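In the part that follows, the structures are each spelled out as structure tokens.
Each of the two complexes below includes subunit A, the first together with subunit B, the second together with subunit C.
Let's look at the complex of A and B:
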């Protein structure tokens, strides 16, 4: 077991402060951890057993090595328990208590004490520490969950391939719940809290190497080491997308503004430019953070800016067109021209009053078959760089099978595709189905267009890193092109 | 002449002509000039560059020269220059003065360097001349940048179209890219000693760009 693995795939976990009281954090943490594959040991000197598990009075009396210790005890006790962890040879510690550096002088003193205890441990027996002031980790595919919000009130995302690193626990709970509702899955969540030891940079490295993670989303209030963060992004973003929600954009920096450069830098413009420079994406709110991570983690980068829109409602096609093409409140992309041959093929499969010009309007008489036939045509169109598929369930000739048709084309077709669904419960069910299948799909046109814009930007970035010879004008060479 | 980079490293604040020496040593074009130490008059004969010229006071303590009458623009004859020189000598008897070629109008950019608390030395480019702070049309990157970064910064500006030609005006994107790369190299070597630096304006023409004014606050 190396590096940070003990946090994410521990064989043994000790819950220090395990409690019989169902309202206590130490109870919830134990209860949820008992569902994981790890062997779990409750530690509590005044209980014999909790939830059917024998209790241990201290870490030392646990009969085997402990990979991970979750400290669900108050701040002052946490310090003593860190000492016990060092003596026991624990590999990783999650210190959940608040009341540390975030509260003031006394809290900072406690953090300093923990630092000294860790520093005094021999390097080969020095535990790594997450927090303090953290929910810890949640790894859905291992059912490893140290977060302590009630599941019946706060559903968690299922297994997926987005790693979510957050400096705020409560915010992360809300973001994860919203993501779960949409059908978004995570490879892991990790709360970094006060970053006494493990920080965002080390976790970036970890998830860059993690084969289960396809995109990394971060909620950050500060950078531990800004240059280090950028260096990592520069290394990671060519093969794995990174999306950052960095708060504090309007905070007035304590910077001398005697010269113009200083007054123009504000507190945020450097962050903006720096992230762009290293190919990281910046999200501006909690919704965009997850939206972009999904788009970039699941979607394919665009080779050009020409988009084909497939819709069943003319108005939605027009709104999509405006959002795609406009520079103000739009993405600055373009509508793709459809070839004469393509139009003829569309005419032959669609109802007579359907529009075969982009945006392609299947009309309210659309059927599963119309969607499938149109997608087949668009996937073969030479001047289409991406497809925006408006997946609507209102037509009487469309049924639940539509979602699967779109999922199949997404995975098998050569063109990048983003899906949008506007509507109520039935539509949302279809949307969840495609999202769970790893399709970047969204409940609003703007969010879908924004996802396309991000995929276009990513395509530009990757092309800048790996310029192609001028003749080959596509991100991926067309199939069957002869080598010359 | 003492190397301005050495002065900066030893923490000595730089006057404008020293900042410009520093820029020139990193390949950043500055206007031709002559220096007039305290007590000295104009050299006999023609100036080594044509009129019109600018007369400026050069002193590390005077960051904002215009406000104290330390800048005279548009001097077009030797006679005028003699008169302005005499007047400025009475205002600043103990300081070095500088006569500089006055560059014609063009597209005005600003290029800056700042020591950011999070990311260290960072580079700025902006457009808008004296209105830069009104339009806030600027882009930042962390030092060092590559050529692709320089182009991306410029492309990010709302006024980037100026570099594609606009109403007969031509401004060389290449020349501005070259200055950005020069400032990046400067920031890489000396960024730890520089709190902020403004090249404002950098005037961009069809075939070249020149840093007309330069201010530096050491760190």
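Let's look at the complex of A and C:
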């Protein structure tokens, strides 16, 4: 076990401050961790057993090595417990308590004490520490969950492939709830809190290597080491997309961040350009953060800017066209021309009053079959770089099977595809289904178009990094010329 | 009964083309209309009764006056039926069939025929006609619904105070479903289709006068008479907000609109500035259309740009601050300063580690009571022009009652308020509850901030139109001076 693995795949976990009281954090943390695949040890000197598990008076009495210790105790006690962790040889510590640097002088002194304890430990027995002031980690595929919000109130996302690093715990909880509702999954969540030891940079490195992570989303109020962050992005973004919601864009925002997590935001204008240069995406709000991470993590980058729109409501096609093509309040992309052959094929399968011009309008009489046939045509169109599929469930000839048709074409077809659905319960159900299957799908046209724009931008970035060799027919001069 | 009333509050309705076949439009239209408060007459020469109602072979045999005739018959038959309507003295006709001007030459000829029939009718017996190529109308408070999408698949919005005029039927259905899911209500929906007779301008006039309508939202692909539209907006917007989603911003969008509804979009750049000048709001996508109509219809215009943010997640407050204050990707508003007295009052009611600086952070330990007490303080703050209330349900001390507290303060407090909630099922339920109570509330920070920006813009507009008299103490010269 090396690096930060002890945080994300511990074999053994100690819950220090485990409690019998269901209202206590130390109870919730233990309860949820008992569902994980790790061996879990409650630590509490004044209890014999909690939730059916024998309780240990201290870390030292745990009969095996401890990979991860979750400290669910107040700030002052946390300091003592870090000392115990060092003595026990614990590999990783999650310090959950608040009341540290974010609250003022006394808190900063406590943090300094922890730093000294860690520094004094022999390097080969020096635990890594997450926090303080953090919910810790949540790794859905292992059911490893140290966050202590009630699951009944705060549903968690299922397993997925987006890593989410957040400097704010409560905010991350809200974002994860919204993501879960939409069907978005995570490879891991990690709250960095006051980043006394482990920071966003090290976590970037970690998730860059993590085979379960396809995109990295960060909520940051400050950079521990901005230059280091950018260097990492430059190294990572060619392989894995990085999306950053970095606050402090406004002066008051920067001050608010300083009050919230005690962090200095740094100059924002530098951030903006620098992130772009190293191929990272900047998100401007909590919704865009997850929207872009999904688009970039699951979608294919666009090779060109020509998009085919498939819809059953002409108006939605027209609005989408404006959003795709406009430079102001739009994506600056283009509508793809459909070949005459493609139009003929579409005409042969669609209802007579359907429009085979892009945006392609299946009309309100669309069926599952019309969608499937149209996608087949569009996937083969030479001048289509991407498909915006408007998945609507209003037609009586469309049923729940539509979502699966779209999922299949998304995975099978060569073209990048983004899906949008506007409507009520049926739409929301369909949306959840396709999102869970890894399709970048959204409940509004603009969010879908913005996803396409990001995939186009990423395509351009990757192309600049790795210019394609000239096409074969152009690379080899025609025989006649070669002879001259 | 005058003007367009026969469309929206008919006493008698004939369904021409009423059908026994549940798959037919003429069946659905009749079925849904039977729930309305109008007397409904099925017309079909080859049936004795449909859905338990005696059926009439033609309009002439209906034993009383017909206010509204819904023509659920094909295009060619529609022409003949319009003739029957004139003979019967029907006041209003909804011509649902497609296959008219939007499909080409033959369709345009049929439209011309209808125009001639209407023109030939004596002015006092000339029916008004909506469509052709339209779903017709939906007036929730009367359960008057001529739209023919299956309710099981397309849930309708409940009664409300937003009028929605749309040039595209299928698109309007999608938008209404999404609105219904969020808890948004309508005073009326009307699909103008090919606008052979009744157009958006006349409907603007109608809803301007309609006491049940507080905001008018339009989806338009073309203007019948752009100058007339703008003149109406200039007259109406001082009293009632108007939000327009007008497509054709891009060249291809304009062409797509022409193919879709056969309309010529006109130059878009002119539209942009002109709408702003007459106090109308332009929306750029289907979500913004409804978002802004709700904000402007239900929210109070801002007198100034200083916003207080109330949150339970510090990070959400920081993101909101950036969105509020930034000019680029933000609203260009300001965070309000909180008075020392206000801060002291907040300190006395909140938990010790709460932040009483704006953005005010109740922390994850917030309770219903903290929200109520903080709103009371903020409502009294002299330098707060509006409140952005982040309504979160994650805290164990918050329950469903929170929504009602916010609803009460929204209606009671003098300050304009916009609400946002980020999260899962509890948030969505709370959101629906406050939206149904007429609170402009949104599931993302950006959508909420955009609503505040619109309310600020509207405040500025109304202030320019009606400059406030100088404050009383300034208006009356002090006695000493008056004497000089």
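What we mean here is this: the second predicted complex is superposed on the first by the 452 of 484 C-alpha atoms of A that agree within 3 Å, B and C clash if a C-alpha of one lies under 4 Å from a C-alpha of the other, contacts with A are read in each partner's own complex, and residues count from 1 in each chain.
Basically, a residue touches a chain if its C-beta (ideal position, glycine included) is under 8 Å from a C-beta of that chain, and two chains touch if they have at least 3 such contacts.
Not measured: the values here are computed from a predicted model.
Looking at the shared chain after the overlay, A:173 reaches subunit C, while subunit B stays out of its contact range.
Shared-chain residue A:245: touches subunit C; no touch with subunit B.
Number of subunit A residues touched is higher for C, counting subunit B against subunit C. In the overlay built on the shared chain, the residue A:314 is in contact with subunit C alone; subunit B does not reach it. Under the contact criterion defined above, the residues of subunit A that touch both subunit B in one complex and subunit C in the other are 253, 256, 259-261. Within the complex, the subunit C residues that touch subunit A are 23, 98-99, 103, 149-150, 153-155, 166-175, 177-178, 180-181, 219, 221, 245, 247-253, 256-257, 259-261, 284-288, 312-319, 321-326, 328-330, 334-335, 353, 355, 357, 359, 361, 363-364, 392-394, 396, 422-428, 443-446.
By the touch criterion stated above, subunit A contacts subunit B in their complex at residues 223, 226-227, 230, 253, 255-256, 258-265, 269-274, 276-277, 464. Interface residues of subunit B facing subunit A in the complex, by the touch rule stated above, are 63, 110, 112-114, 116-120, 122, 124, 126, 132-133, 136, 138-142, 145, 148-149, 152-153, 156, 195-198, 200, 215, 217.
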